[in-house]
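Naming follows writing order (A, B, C and D), and every chain is counted from residue 1.
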Amino acid sequence: MLKFLFIGDVVGRPGRDIIASRLPQLRAQHGIDLVIANAENAAAGSGITGVIAKTLLSCGVDAITLGDHVWDQKGWEDEIGSFERVCRPANLPASNPGRDHVILQAKGFRLAVFTVLGRQYLNIKADCPFLAADRMLKEIGDKANGAFVEIHAEATSEKQAMGWHLDGRAIAVLGTHTHVPTADASVLPKGTAFMCDVGMTGPYASVLGREVKPVLEKFITGMPRRFEVAEQDVRLSAALVTFDPKEKRATKCELITIRSNASGPRVSLDGGHSND
Amino acid sequence: MLKFLFIGDVVGRPGRDIIASRLPQLRAQHGIDLVIANAENAAAGSGITGVIAKTLLSCGVDAITLGDHVWDQKGWEDEIGSFERVCRPANLPASNPGRDHVILQAKGFRLAVFTVLGRQYLNIKADCPFLAADRMLKEIGDKANGAFVEIHAEATSEKQAMGWHLDGRAIAVLGTHTHVPTADASVLPKGTAFMCDVGMTGPYASVLGREVKPVLEKFITGMPRRFEVAEQDVRLSAALVTFDPKEKRATKCELITIRSNASGPRVSLDGGHSND
Amino acid sequence: MLKFLFIGDVVGRPGRDIIASRLPQLRAQHGIDLVIANAENAAAGSGITGVIAKTLLSCGVDAITLGDHVWDQKGWEDEIGSFERVCRPANLPASNPGRDHVILQAKGFRLAVFTVLGRQYLNIKADCPFLAADRMLKEIGDKANGAFVEIHAEATSEKQAMGWHLDGRAIAVLGTHTHVPTADASVLPKGTAFMCDVGMTGPYASVLGREVKPVLEKFITGMPRRFEVAEQDVRLSAALVTFDPKEKRATKCELITIRSNASGPRVSLDGGHSND
Amino acid sequence: MLKFLFIGDVVGRPGRDIIASRLPQLRAQHGIDLVIANAENAAAGSGITGVIAKTLLSCGVDAITLGDHVWDQKGWEDEIGSFERVCRPANLPASNPGRDHVILQAKGFRLAVFTVLGRQYLNIKADCPFLAADRMLKEIGDKANGAFVEIHAEATSEKQAMGWHLDGRAIAVLGTHTHVPTADASVLPKGTAFMCDVGMTGPYASVLGREVKPVLEKFITGMPRRFEVAEQDVRLSAALVTFDPKEKRATKCELITIRSNASGPRVSLDGGHSND
């Protein structure tokens, strides 16, 4: 059995810090073979920088993926090409810099990793994610033993459709972007692990990782406000996929939530689905 | 303690049938005092009719709410006014027919129920949901002992912001519309039960309750396709809120998932959060 | 000199009728060599049928183009392939039926005609119009002596950008879709005729060709209303492009407005730009 | 007869400069009584500042209106309240700073001026423009002898619908925001001057007033680019409305285009509708 951990949108310093402090132990505890993290919000909530990419890759993250915020930080478009284990969404225009996939290796198994952006409501130019996923699987071909696909999208319809589209052709189809984990971790009939959203890695006493007050002011007044990254109730949110390389199918897909040990207010006093 | 069950978007006949067959037992098992259901997709997946509203209200549903699909069925705009326990979203234009809230009663507690529509990405005319919620709470005033608020919206940002906006002022702020339950059932610091989405009540071997094949064809070709309601892996998805009327705060918020006993393929072979 | 007439979105029977009654005379009067018409709204305001396509092609229209309403009429996807002088937008998914361009001929000049859909605000799946236009020009190559490009789009930014993108590479870049003619008919510096929108061919005492009352009701109440095609103040709206095949550049681009002789109320009593 | 000039979106320094250099002469030449200008893009293409507002008001502009870019410049929300002849859109949330209308006076006639924002595709919080216009007309009541209404919107449907909604109740309903003048200047049957868009006052060798190259790069690559205000082919674009105070109706509505005397490339070599 192989175990792959996919960490959802890392937000700012709180998100980076909980990875640094808790990921090594998590890897050991669950016997995780490979770790992938979406870090599109790692730099102050918007985009990523070379320095931050290096830090995450040195903390136990094996590959970094990105989403619609891929180009938020100036200069990153000149840096991304130098990172072998970072990929930008595969359905960005072909002229965009950066790799469209990463191939990792563990226990002799080569795992291809790529992201496709949804097109419903997202404000970035992207080609059809369904055809792009088909193209990527074809291009990767024998270079890998299996593919791990991230669908970075807003609409649940597009995410579920992608799951069915790739069922039996990908090891996992896991969603990101909404910053809220969904309670639908499952394995589809033909063996693909699926989950609409693996949630955010960052401060949950927030709106999507940002301070509540200015976001509420923006919603109510419509006027521009500065959204600082929040600080309280930091969690690492991820999907843990167990894959059977002999049967060539995922056997388990679980939501993993790790809460920071730090004191301070927490959003949830109680809940039906806590994984503490 | 009072127990309120909020059932997410009821989709088509499969959704109606699982309510009819399983709700009475569920009410008894958990000692539920009041049941509210969003039925915006109850009629063949789009809207509702008077006949269907009557059926649901006779199956153990105490109040029916609606979302952006409120007017999908012709004739419903002439029928809605005759239903005392059905409300349309409160932030629709004031000229729209139908009640903007319902008041239920159990054990001497009067519970006001209303829905606000989000404005991100939804394709229906609606006023600001934040100001509408403020207005509704004010208008309801002493007519009820507490308010149960549904935020029917696409964007998680808008849903979380609504939770914070009403924390301590509402018994619950519960999301609908995405048809996917979220793994964030919680009680906010000032005592409001919260969850981004309580999920769909209908067939889960589907895309949002519809047959997979035509939806995928639509996504890939862009051409119009007819989306029939799917049939397999039917579930009732709901939030169960426990409320302490003395402390005036919710003490628990849980996701409840009931699977149909019917045979046939199921989406999830396995998962971290199943509630079977 | 060659003269090409491009007629904007034909709406319903009033649009079809004014073409039948006035186009022959217009061709003769201006010495027009070829006539192209966008007929995406020709069938009761939504889409087109085979019968209607035949009628238009028999009235002096040499080629028919279409827009985002291309598939509104059931059955048309099975008929379009049989029409040699009808093309659907070139940047629809490759799997869509129908030609992606038409080649016409006049005085020994072969004119390629194709449409690209904008992607801002339009609710139909389409590839990048800029790259699609590049691809089309390449594919057409020597099969034609020049290309006539329609940009069917909502946003003026996308239309102007397309004009600059193709300046010197196309005979004309002419916009459609907003149903309102723009006062910017021009020839760009490198010789391409340009206009953001050539306007609608149909009833102008209307909202985009539909009866005013239900549209206003929809805007105010948000509730579904049936939008019948309007009847009054029918106009034919088109761009007349004069092209010099020796210099290989357009020399003139004019808005042409023909008003129906029918009696009845007219929108404009007076205006700075009438072409009666 | 009264003559009112309404100048479309003033873009950057080129837009301000052509107003300063040409407006005084234009006022005299046409005997214009009052001048209104939308200046939402006056400050480097985005928003406005107090210094710029003062400059425009000293050049012959009697009232300044704004659009969706109203709050683009930091600090302006603290300045706007001090300007008696500047108003922000009337259907912004009531909590927004700034006047919702301006009342001007000429020859004993009091002219109320206000703007409503469309809600189709615009990315700013706004209430229903149709109901807001009704409310404004009621609130203004006897304080003015007539109302001049700007509809700042993207969709032609919303603009035309507003024209019909206010026909006979407003002196004029004139559109802005698309930065392209429309060829539909007219007087509606009940006497309201109407035009979908009066166009931009700024550099026309551009995309909406910005340099072409980075805009095209953005459309093609999807990557962020800086859009500087362009410099060539500067024009003042406006609607000139003639109003008969005795008959209480507009008698004429004309598009006025003034081209800068500066040398340099011009977009239009030729055109059916030039007003030089």
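Annotations for the structure displayed:
Throughout what follows, a residue touches a chain if its C-beta (ideal position, glycine included) is under 8 Å from a C-beta of that chain, and two chains touch if they have at least 3 such contacts.
Just so we're clear, the structure is a prediction, and the values are computed from it rather than from any experiment.
Common partners of chain A and chain D, by the touch rule above, are B, C. Comparing chain pairs C-D and B-C, the larger number of C-beta contacts belongs to C-D. Taking each chain's centre as the average of its CA atoms, chain B and chain C sit 45 Å apart.
Chain C and chain D have Cα centroids separated by 28 Å. For chain B, the set of residues touching two or more other chains reads 93, 125, 128, 131, 219-220.
Remark: chain A residues 120-121, 128, 130-131, 154-158, 160-161, 164-165, 178-189, 194, 196-197, 199, 206-208, 212, 215-216, 219-220, 240, 251-257, 265, 267-273, 275 touch chain B in the complex. Touching chain A in their complex are the following residues of chain C: 93, 119, 125, 127-128, 131.
Of all residues in chain C, only 71-72, 77, 92-93, 95-96, 124-126, 219-224 touch chain B in the complex they form.
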